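Just so it is clear, A, B, C and D label the chains in written order, and each chain counts residues from 1 on its own.
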Amino acid sequence: MTRSEIRAAFEDGPALVSYVAAGDPSVEASKEYVEALVDGGSDVIELGLPFSEPVAEGTTIQNAIKRALNAGMTPDAYLDLVRDLDVDVPVVCMTYYNLIYQYGESEARSASENASGDEPRASGGPEEFVAAAAEAGISGFVVPDLPVDESGPMYEACREHGLDLIFIVAPTTTPERLERMLDRTTGFVYVQGRLGTTAPATRSARTRPRPSNACRTPTSRRPSASASRRASRPARSSPAARTASSSGARTSTSSPRAWRTTCPRRTSPTASNRSPRS
Amino acid sequence: MTRSEIRAAFEDGPALVSYVAAGDPSVEASKEYVEALVDGGSDVIELGLPFSEPVAEGTTIQNAIKRALNAGMTPDAYLDLVRDLDVDVPVVCMTYYNLIYQYGESEARSASENASGDEPRASGGPEEFVAAAAEAGISGFVVPDLPVDESGPMYEACREHGLDLIFIVAPTTTPERLERMLDRTTGFVYVQGRLGTTAPATRSARTRPRPSNACRTPTSRRPSASASRRASRPARSSPAARTASSSGARTSTSSPRAWRTTCPRRTSPTASNRSPRS
Amino acid sequence: MSERGTTTTDEQETRAGKFGAYGGQYVPEVLMPAVEELADAYERYVLANEDGFVDDFRARIREFGGRPTPLSRAENLSERYGFDVYLKREDLLHGGAHKLNNALGQVLLAKYMGKERIVAETGAGQHGTATAMACAYLDMPCEIYMGRTDVNRQRPNVFRMRIHDAEVNPVDVGSGTLKEAINETMRDWATNVEDTHYVIGSVVGPHPFPAMVRDFQSVISEEVREQSREKLGELPEAVVACAGGGSNTMGAFAAFAGSASLPGAPEGTHDPAPDVDLLAVEAGGSSLGVDESEGYAPNSASLSTGSEGVLHGARTKLLQTEEGQIVESHSVSAGLDYAGVGPELAHLVDEGRVTPVNVDDDAALEAFHRLSREEGIIPALESSHAIAYLEEYEGDGPVVVNVSGRGDKDLDTVIEESTARDLDAAPSMEVFEE
Amino acid sequence: MSERGTTTTDEQETRAGKFGAYGGQYVPEVLMPAVEELADAYERYVLANEDGFVDDFRARIREFGGRPTPLSRAENLSERYGFDVYLKREDLLHGGAHKLNNALGQVLLAKYMGKERIVAETGAGQHGTATAMACAYLDMPCEIYMGRTDVNRQRPNVFRMRIHDAEVNPVDVGSGTLKEAINETMRDWATNVEDTHYVIGSVVGPHPFPAMVRDFQSVISEEVREQSREKLGELPEAVVACAGGGSNTMGAFAAFAGSASLPGAPEGTHDPAPDVDLLAVEAGGSSLGVDESEGYAPNSASLSTGSEGVLHGARTKLLQTEEGQIVESHSVSAGLDYAGVGPELAHLVDEGRVTPVNVDDDAALEAFHRLSREEGIIPALESSHAIAYLEEYEGDGPVVVNVSGRGDKDLDTVIEESTARDLDAAPSMEVFEE
């Protein structure tokens, strides 16, 4: 299975990035959906690894994640699924930091060891999962609860294994923070078009959001790419993608409106040509 | 209608004093019960004038009183009943002080007058009721919530109209208090044989009552008469009394066990020959 | 209790326990020795601080009860009315109402007297709960009489009493409410008078209860005077309290009226302060007056509309028919729903020292919502009457309102009644309608 | 918040908000500016008392909240155990629990920051109620997120929030309990971050919450130290507090651990006191450990048995599967039923300064009954865990137990659970069986 680099996906202009919660409703179905989405024109697949506490998700994805977990999805099963995928677009792993952090030798992090007073996380960390993900064919990570400020070890691990660590630029992001993010960005950054979490656009912010003022502020470096995490309509919606979204009763609850797509409304996305800071 | 003095009832030894709640279940029935009790051998009738808050009564008499009030018993109806009675034994009015106190010109005690700051009770008092009771044929009063200490005006009114004011000697009464009571006693005193209120003897005191120690204490004056307010069996129970007590479904709830009878167990009752203190 | 007249008219009887013409000891003879013993204990332990009783009481009500309670400025209400409103926070006392001041005092006194058992009546359950609490704390066996109807509609308070290990004796007679419970408690006391103390729940009953309960509750006004000095720099223009039996009322007024006598009060806190208006707010219910034929008053405004009579051991102002039958009172607030009132309060009203006013059920409910919404304090429905009166108050302030208790206990009633009356002030509860 | 490393390993990141390896700010980018703004406000208003913020807070928590709360000697328990037991009475704080210290502090801070709206999550409803109270008092619009299941089983607290005019937003997702509510509140905050402050309910979440909530709650231990000086003449041998998220725990421990930093604390009350044992009592539930296959822990003993991970914005000790999925915790006490714990507490445990212990559901229920029966105080089920630990305590005392709240809210649960478990300690409720 070969797969292009994430940056390549943006080379020809806007790219369609589609999200699927892995294992909802089953591993087999996820495989089919991903392949159908790619057939239908998706340029990047964001494959969610379900975490029990998806704090950045709206109702739709929360429910999808819950179904996936109930159906038995685990990090190992997720990696197996990735290995099995027959697609030639980049697959980005979207998950929360605790799953990445805990992967591997769990006994080493048992309570009794921690109680010894040692620096507890010496025994945990993102390295093992990043290595396994790279081996399985993942191209990059989106970790919504890992802001740039906490991303040191993850950044190191990704750099070591040649994976992209993708940050999200929010409407609230300050120029100073953007600066810090770009220092660690590889692949692309998300530009979140609207305040809030992933969700259908039915609930909007009470205050009118400042539209991505960070990105509009002139900076020395341009954001490498931008994507709305939650456009209310896909920028490009191929018939096949529509088919995938309605391929089963359960799929439809991973509503298309919740899928993340590129959103070229404000800045035209281009593939990043900045390589990771060495 | 003629009637002997209360003291005369005790002249021949123990006397049977029977209680009826006036108006339970109707004025007519009360009249019949009283007459039957007298036919059956009662020497004194204690005719209860029902008060809405019978704090000294047990469940049986409380319920009787409630029925009487619901059936429309009033102080005026009570006096009419007394006038109508065709018996030749003394009738004692057993009631609470508020009914005695309020009888008569009620407007004079209205709120607006009281709010003027005048001594409020100047307009109320026992005189009117005592006068009306004397006129109707009542021989005396038992007022359980009027201890000797509060009995000044009532004592005066009774003296004026030649009625007996009967006090209750409790098992807890001290010699000093007994002394005070005997100062104001006319007719007879009740000796309450047991702690508590009027009730069937099913609930007994948690502590063993000191049996009438006041009466056993040698004093310069002997109690004029003594009666247990609540012997569990009538000292004398004539067939006719039994008939009265079972003359109707409702009568039986004014249970015979709750009737007050003389109880010659400790001191032999004798009629008082002490006249009111002048 | 020293001199006891043998004179023959009430006017000449000047015994302890009389407030003008009110008060006295109208109880069955069987209770008189107990009442005398108690009056004696009151004089020794409370008035004369024998064995340091009052010091002990003060330490315990502080440490166990959480005194002093704050005097909080109500910022939003002050703005609303244009004068300063201060709230005396008896809602923060342990148990959630001023009731503990009295219950703790009496149970402690019973202990000093060598009594081995406590009985008390309760209606809505507040006094029963406070008594049960004090008994658990002081390790005294406790039995509470409560009408069957009240047992069923006040389950949480029954739970609390039982959890404190008090026996709850349901009274099945009559309507199964407060008056039957009082009756039964009296009866228990009369039966077990030698080892048992009856903890009366308000400034009612025979002497020494009205004076003694007032003294235990007078810590409220003692603190208000001290706190006013600190926070207002002056005495308030008025003190407002709701009046049921009148214990929180007398507690809030006593130091200003100069009538309390609890040893150890800070210097000057009990000097009469005739310039401070004392407003007793009664439950106006749905309307004033008495329905004679039904024996029913749709209110419990005995101070404002009642007449003098004798009930539950004392001469006082009552809601009664012309014949003298006590009528059934009514208030949306269970704790104010009583046909009598403390004799001292009746006297202070006759003297013109206390002004009786009243507010109706709707006004009280609205005040409940207003304080909850504007100040973040859910008042007891009883206390809501005092708060409601602010809408009518015409002075310039500052005004101290006694928040006699918290309203957690009243939530169900308030929601039900607000809905039934379609009150604008009530928040919708449609969060439950799914 | 001053220096922010761009170094590449965690070990080298020494930013504010770290407690050893715990803490941090693991939140979505959209919230980072809000979190930074808050950290800045925390430094200025709280740590540096800018504009007299802390003075204002202290005055308000005193006058509105009823601080200081008493330190009461538990006479009957002291006798039972043979050492002196003192109870810190947070049950007497306005609202009935320590929660108001934090809620009032945060809502006041939001006002100083110019925020115009408050959101908060709530599980059992205690934090939601405290927040709604503080918002009513400070005139701030307030929305509370609460799982649908919790809405239905905690009706009285929903009533209280609504009565304080807070919106209650039921969350219909998932199991409809605390974690879904947190999720939704985060989402609201992320959507309305510019004018909205999120009042977190315990010493959890991203920096500055754990430090800030600790500081607001540290008034508890500040008072305990002062009161110990007066009443015990010495510091206690141990302080015992229950730990859910850990806010009452940190509040009761902070002054002894020397970790709080609220300006205006009395001289010396924050000097580290290493001789005082600090015992955090967790909910042992029905048994310890985690059922991996079910994703379920029959306890919520994250300090005693959890492992390190990242949840709700911070690195801390968690109940999780080997893979890192958070498991469902369990405790008979809703307020302790949380799979995480404050990061500072996790750190203090690793450092050996705090000793984590736990007691099971039955022991907590028994302690609930014991305190109610022996001392006349009905504790919250949460606090009952701390009280239960006295049965196992082996020192000589004096011991201070933090009674974090009152148990009125728990009556139904306790009666139901005591009956189901046939606990000897529970009083019979047959008064209702007629």
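We take it that a contact is a pair of C-beta atoms (placed from the backbone, for glycine too) under 8 Å apart; a residue touches a chain by one contact, two chains touch by 3 or more.
Note that the coordinates shown come from a computational prediction; the quantities given were computed from them, not determined experimentally.
Each chain gets a centre from the mean of its Cα atoms; for chain A and chain B, those two points are 93 Å apart. Here the spacing of chain B and chain C, counted between their Cα centres, is 34 Å. The distance from the centre of chain C to the centre of chain D, with each centre set as the mean of the Cα atoms, comes to 36 Å.
Shared interface positions of chain B, defined as residues touching 2 or more other chains, are absent.
In terms of inter-chain touching, the protein chains here are arranged end to end in an open line.
Chain pairs that touch one another are A-D, B-C, C-D. Those residues of chain B that touch chain C in the shared complex are 51-59, 62-63, 66, 69, 74-75, 96-103, 106, 109-111, 114-115, 117-121, 124-125, 144-150, 152-153, 155-156, 167-174, 177, 180-181, 183, 192, 195-197, 199, 203-207, 210. Taken together, the chain C residues at the contact with chain B in this complex read 4-13, 15, 20-21, 24-34, 117, 173-174, 179-180, 182-183, 186-187, 190-196, 295, 304-313, 315, 317-318, 320, 322-327, 349-352. For chain C in complex with chain D, the residues that touch the partner chain are 62-64, 66, 69-73, 75-76, 89, 91-94, 96, 132-139, 148, 151-152, 155-156, 158-160, 162-165, 168, 170, 369, 372-378, 408, 411-412, 414-415, 427-429, 431-432, 434.
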